[in-house]
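Each of the two complexes below includes chain A, the first together with chain B, the second together with chain C.
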Partner chain A sequence: MVTLSTDVLVIGGGATGAGVAWDAALRGLDVVLVERRDLAEGTSGRFHGLLHSGGRYAVKDPHAARECVAENRILRRVAADCIEDTGGMFVATPWDEAAFADRFVQGCADVGVDCEEIAVREALSDEPRLNPRISRAFRVPDASIDVWKTVWALARGARQHGARVLPYHEVVSVNRDGDAVTGARVRDPRSGEEIEIEARVTVNATGAWAGRIAALAGIEGVNVLPGRGIMIAMNHRLVNTVVNRCQMPTDGDVIVPIRTVSVIGTTDRLTDDPDDHTVLEEEVEQMLDDGEKLVPGFRRARALRVWTGVRPLFEDAKQAPSDTRDVTRAHAVLDHKARDGVRGLVTITGGKLTTFRLMAQETVDAVCAQLGLQRACRTSVEPLPGSETGRHYHLGERLARKEAALAGEQMVCECELVSRAKLEQAIDRFPAASIDDIRRRLRLGMGPCQGGFCIYRTTGIMHARDGLAAEQANGVLLDFLQERWKGSWPILYGDQLRQARLDDWIFQGVLDVEHLPR
Partner chain B sequence: MTDLLELAEHESPRGSLDHCVKCTICETACPVSNVTPLFPGPKYAGPQAERYRVGGEPSVDASVDYCSGCGICTQVCPQGVKIAELNARARDALKRDRGVPVRDRIITRPTALGRLGTPAAGLANFALGLRPARIAAEKLLGVHRDAPMPRFAGRRFSRWARGRTSPATGRRAVYFHGCGTEYYEPETGEQVVAVLEHNGFEVVVPSQDCCGLPLQSSGLFDDARRTVLRLARALDGALGGDPDTVIVGNATSCTLMLKREAREILGLEDDPVLKRVSERVYDICELLLELHDRGELRTDFQPVHETVAYHAPCQQQGHFIGKPALELLALVPGLEVRELTARCCGIAGTYGLKAEKYEIAMAVGRELFGQIEGSGAGSVACDSETCRWQITHGTGRPSAHPIEYLHRAYGL
Partner chain C sequence: MNRELHYDAVVIGAGVAGLVAATRLAQGGARVCVLARGVGSTHLAPGTVDVLGYAPDAVREPGPALEQLAASQPGHPYALVGAGVVADALDWFVATVQAGPLPGYGYVGGGLELGGRYPSALGALRPSALVPVTMAAGEAQQLGRLCIVGTPALRDFHPSLCAANLAAAGIDARAVPVELELDRADANTLGVARRFDDPGWRARFCARLAPLLGGEDHVGLPAMLGLRDPFGALADVEQRLGRRVFEIPTLPPSVPGMRLYEILSSALRAAGGRLVLGAEVVSGRWSGGRVEAVVTRAAGHDRVYAAPWFVLASGGFASGAIELDSHWTARERILGLPLRGVPPAGEPRFVPEYASEQPLARAGVAVGGDLRAEGADNVLVCGAALPGAAPWREHSGEGIALASAFRVAQVVGELAGSPAEATA
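Right, the complex of A and B next:
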């Protein structure tokens, strides 16, 4: 068995874990990051893409709002390339309590959110599909953030500073030596190979799964309540600005324009399993009704896909009454040396994507304290790889790139404009990747046809390029079709149903995929 | 009200992209992308690229300007995606960003050109026939030296119309003659009037200008809006509030502009006058065939012993009225009609005049030209004037509006 030795072992390859790896690597620590599946496949990759301005929490949770205000400004600098500066709006619809708007303005002023009331006419001229019956509108600096791009950039940056990033390495056991955690044993679920990792400090950055990893370390009372929420991606940008309902945070109160789609979110239901990806019909109905309130005609517009994200809601069963930690604080760093008398383990859970950098900073501060080191955090000033110019991405980028090579490039995924060259590059860089892994990197198969036209092309190219045997290639194809189907069937109506029927004719009728040898 | 609003948004060109299932039928039918790599195709430039466009952000896909605007993609789409309309809007945004060439500002204004050229027709026609002058025009303006140019008639149709009165019959038709008839082919207008009168119509010819289509297809939307609304008001005035009066035109692309394109592409759905006018507009052959279906068309045709090939222009197909000319021509005894199946002649209004697009337009037309040459027909009937000029340019065969054959057969 291979044994690795490192300063810091980070468990969890979401935004938080990758953020911890980047932060620790920048501070000169040796880092190994393990993730049970692909990077950002858990909660991070399953959110709507909103970079909060702080407006959403200005009334309900001023502390969280202040964090968002600060982090929004920092991320716009250091993760510029992962962010589209869409701007945001809060609008008072006829269903919102009219008095809330004034409290909202006051709340924004109190916590420092740049908020400007604009005429309803101006809001409607900027966003013509918005409900014309809104009574007030406010501009805030919300934005949309591409979480995959962010996590890849974090991982790339960490690697450039010496970190080893190991996706598809699941923790089998957390190693204890008396009152110290000394690392973990991990297994590649695809090959079955195991690696022993010795670490001076282990960071449990597994979000909704944090209680499980803590339990593997023999630590009790890390109660993470998984809160399940669905999101629906609509086929194109119904709005180009983040549009929020001006009311207390609730279900279905925001539409986020992210990349080529607009996402409405979200519901909120407690579950007992962080891998619970249930989508209930009533939740879909609720989201569509909520969408209709912001954008009339929402139900007639085409829904592409629905998915479930599970957010970690932390409740510390061990929290001492004397604890000064602000109880409204959304994330929690648990130094298990102070909390449980167990050295070498820090847990970070709760929180939100917008504040991942701050969470990582506080976590690595705790790690440094355990190691007896004094090293300043640099993530608020050091740009991520790709963000050095400080320029935000814009929606037209792929179209512009394609325009420059119009005749020369063969397209594989037409909806998301992925060229054959890009796909081959990805296959070469990640030889063991599934199509779903490639999807997260390239957005392949994420457009209107949901893989109907690009997946058989991709399978063929993987077969030719990667030397993937025909049977394996068939398996890869079927796995991906299954994966896409999960997010399709609960929203099959109207245009997407027509698409699904056409795709079905292609795969069942022409290719007879069910009977391919595998 | 909200329901109507919703419906309008959802059925707008942008909203219609939701219906695309990527079937690629439009790409196989597109005459332009099949002959040049410069235009990436209707599915690509339309519903696909549209998902990457944000109002107010700079245009990044100049290739959409290579769409000829023929509209075949919209016609063949089984899902109802307004592809050509999406492309037209993208082109407008592009022109706003990058500016409009002087050439496009000139050739999109047939009224101004006609007014300039008509009094000096002899000189203008002479100049247009001179090779050095055409080469200079290509270099200075970007109008291709070989592009088919009509000859100024030297007289205006409206002058002729003003000098006569149509007998009152109680059945009125407002004649929308268009710029081609006005400045280049006034005889076609005279034939239309004669055929309508022969069938019992009192023909009213109000003072009128361009419909704005050339401006629209070159992406000059603001000017196009002003122009089409001015025309709509002129025609509406001539309707005189009579619910039975029809508006009839012989320029199929211009009548399509009034019927549908101005409202859909220029976003003029809400203009009540344009709406009223658009509901009343007929293509001349459409109107005559409707009369025939009701048993009201006079069929006192004399035999015409000729073979004629018929090409239905793309814009005529955009009316979704079938090919009424074909059925009308079949009523003429002795006339052998050969239906041409090639979709497009390539010219698409002013597209094929432009220096950088001339070769593409000729390549598009090649299939049609070949069919005409193999048809054994002595002449070609076609509803649109720019297509006729292109066909004659591409084949050397004379071409005429279908009404010319009917006019002849009536012995008028």
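Right, the complex of A and C next:
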């Protein structure tokens, strides 16, 4: 068995874990990061894409709001290329308590959210699809953030500073030596190969799964409540500004324009399994009704895809866990040396995407303390790879690049403008990747046809380039069809059902995928 | 008030079902008009005539399998039309294509006696009762050593995967990539087909390909052997390469499907029928249980088409003629006809496994045994609008379209000839 030795083993390849790896690597520590699946495949990749201005928490949770205000400003500098500066709006709809708006203004002033009331006329002129019955509107510096791009930039930056990043390596056991955690054994679920990793400090950055990893280390009582929420991506940008309901945080209160779609979120249900991806019909109904309140006609727009994310909510023993939204959204760094008398393990859980950098900073501070080191955090000033110019990405970027080379480039995925050259590059860089792994990198298959045309093309190109056996290639194709169906069937109606039926004709009728050699 | 146009029959939809129903009605002496939002499923489908490929196991003899299916599924379109009509419809179709505008181009195959299996672009063996003559040499039983030819310039066909899957099925196949003379990197089969119409281009293509071939006796190409004279192109390429050549259908737009559209629409014109594209039927004018007229919306104004008979060949969910809205209510959008096969509220419409049959799959416009729509005495239904089938899984789409269209024309003839209807 291969053995690796490192200063810091990070378990978990979401934004937090990748943020810890980047932070620790910048501080000169040797880092190994392991993730059971692909980077950002857990909670990080399953959110709506909102970079909070702090406005959402200004009334309810001023502490969280202040963190968001500060982190929003930092990330706009250091992760500029991952952010689209959409701006945000809070609007008071007829369903919102009128008195809340004044509390909102006061709350924003108290915590430092840059909030400006604008005339309803101006709001409607900026966002013509907004409900014309809104009574007040406020501008805030919300934005949308591409979490996949962020996590890869973090991983790439960490690698450039010597870190080893190992996706598809699942923790089998956490190693204990008396009162110390000394690392972990991990397994590649695809090959079955195991690696022993010796680490001076292990960081448990597994979010909603943190209790399980802590238990593997023999530590009980790390209670993380998984709060499951659904999000629906609508075809097109129904709005170009993040639009929030001006009310206490609740279900279906925000529409986030990100990349080519807009995402409505979210619901909130307590679950006992962080891998629970159930989508209930009543939740879909609720999101569509909530969408109608912000954007009339929302139900007639095309719903592309639904997914669930599981929030890690660190339990506060003083509150009953009936509504997970009342459990604190704050993050918690658990130094198990102080908490449980076990050296060499730090758990970070709770929190939200917007504050991942701060969470990583506090975690690596705790790691350094255990190692007896004093090294300053640099992630608030060091730009991520790709963000050096400080320019935000804009929606038309891909199209502008394509137009420059249109005749010479073959499009594999027309919806998301993915060229054959880009796809072949990704296949070469990530051998043995599934189409789903490639999707997260290129957005392949994420547009209106949900892979109807690009799945066959991609499989054919992968087969020719990767030298897969026919059975493997067929498996890759069928897996991706199932993967796409998973997020499609609960919201299949209207034009998207037409699309799904056309895709059935292509895959079952024309290609006869059901009768391929297995 | 708009001027009303009067016909003996108005057909809604210009897919295989609509064009065949209209042609048959016109051949029976009716003044017929086809109204359609646009071209129908032909441009998306492979251009083969699939009658019954899976039931659910692979079907070798479509005729008997079809009779069994009709006996066990009384709501299936084949049960409504009967096996005899399927056979008549296929015979008529073969003769119609033969007499059509593309010289030498026809449909061949085992028909209802012995279904053939032909390579799909993925290298699965698709079952079809009849295929265009340009695909005939791909029948799996007759294949010897085989070479699958493609080009990186064509993103919609991948010869290596096709060949690998055929090899896994025991066929001696290998892939040969060839460079094509194209001026853009993202051509589709339609773009290449237009080049194949040019004999000079064809000759150069064959000159490039010939040295790459070995001992193979068959050459499979993506379906792109021209639009104007595919039979001539096939003969030319076969002669130049010295091998049997066949087309393999791939992603839309479908070149063989476009040929089929050309053939069927010219058969309609030859029979005296009229075809109006860009004329979306948006509503019907009812009188009691009958539709008196339909209204189209085109070019900014409405137009009224009155007729004693209407044929609904507008397709199912794929065309949008049947819609499921966001409140999970399904409806037929043009005339508001009742549906059959829609799972009741609270029951699942879809299931989480893609490969399973979806509960909504067999929904369609409710019809009686003579294909008349429930609640509309003078509206007949054919093609994908019919309930009871899952044609993309059964590989039965063209068989249902042809047979039900054929039957619809018969029923109109029978009913229109009866005294009660003559005065209508």
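Everything that follows uses one rule, which is that the second predicted complex is superposed on the first by the 504 of 518 C-alpha atoms of A that agree within 3 Å, B and C clash if a C-alpha of one lies under 4 Å from a C-alpha of the other, contacts with A are read in each partner's own complex, and residues count from 1 in each chain.
Criterion: a residue touches a chain if its C-beta (ideal position, glycine included) is under 8 Å from a C-beta of that chain, and two chains touch if they have at least 3 such contacts.
Source: prediction; values computed, not measured.
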Exercise. Which of the two partners, first being chain B and second being chain C, lies in contact with A:453: first, second, both, or neither?
Worked result: both
For this session: For A:498, decide between first (touching chain B), second (touching chain C), both and neither.
Result: both
For this session: Would you mind checking which one, chain B or chain C, touches more residues on chain A?
Result: C
For this session: Mind working out whether A:473 is in touch with chain B, chain C, both or neither, as first, second, both or neither?
Result: second
For this session: Check whether A:300 is in contact with chain B, with chain C, with both or with neither, and answer first, second, both or neither.
Result: both
Exercise. Once the shared chain is lined up, is A:240 touching chain B (first), chain C (second), both, or neither of them?
Worked result: first
Exercise. Looking at the overlay, does A:481 come into contact with chain B only (first), chain C only (second), both, or neither?
Worked result: second
For this session: Share the list of chain A residues that count as touching for chain B in one structure and for chain C in the other.
Result: 300, 407, 453, 495, 498, 502
Problem set entry | chain B-touching residues of chain A, taken from the complex the two chains share | 128-129, 132-133, 235-237, 240, 260, 296-297, 300-302, 394-400, 403, 406-407, 414-415, 417, 447-449, 452-453, 495, 498-499, 502
Problem set entry | chain A-facing residues of chain C, complex | 41, 44-46, 50, 54, 58, 120-126, 152-153, 155-158, 160-161, 164-165, 167-169, 175, 183-186, 249-252, 316-320, 323-328, 349-355, 358, 391-393, 395, 397
Problem set entry | Residues of chain A touching chain C in the complex | 288, 299-300, 303, 407-412, 420, 453, 456-457, 459-461, 463-464, 469-471, 473-474, 477-478, 481-482, 484-486, 489-490, 492-495, 497-498, 501-502, 504-506, 508-517
For this session: Show which residues of chain B lie in contact with chain A when the two form their complex.
Result: 2, 5-7, 9-10, 14-15, 17-23, 37-38, 40, 43-44, 47-55, 57-58, 60-63, 79
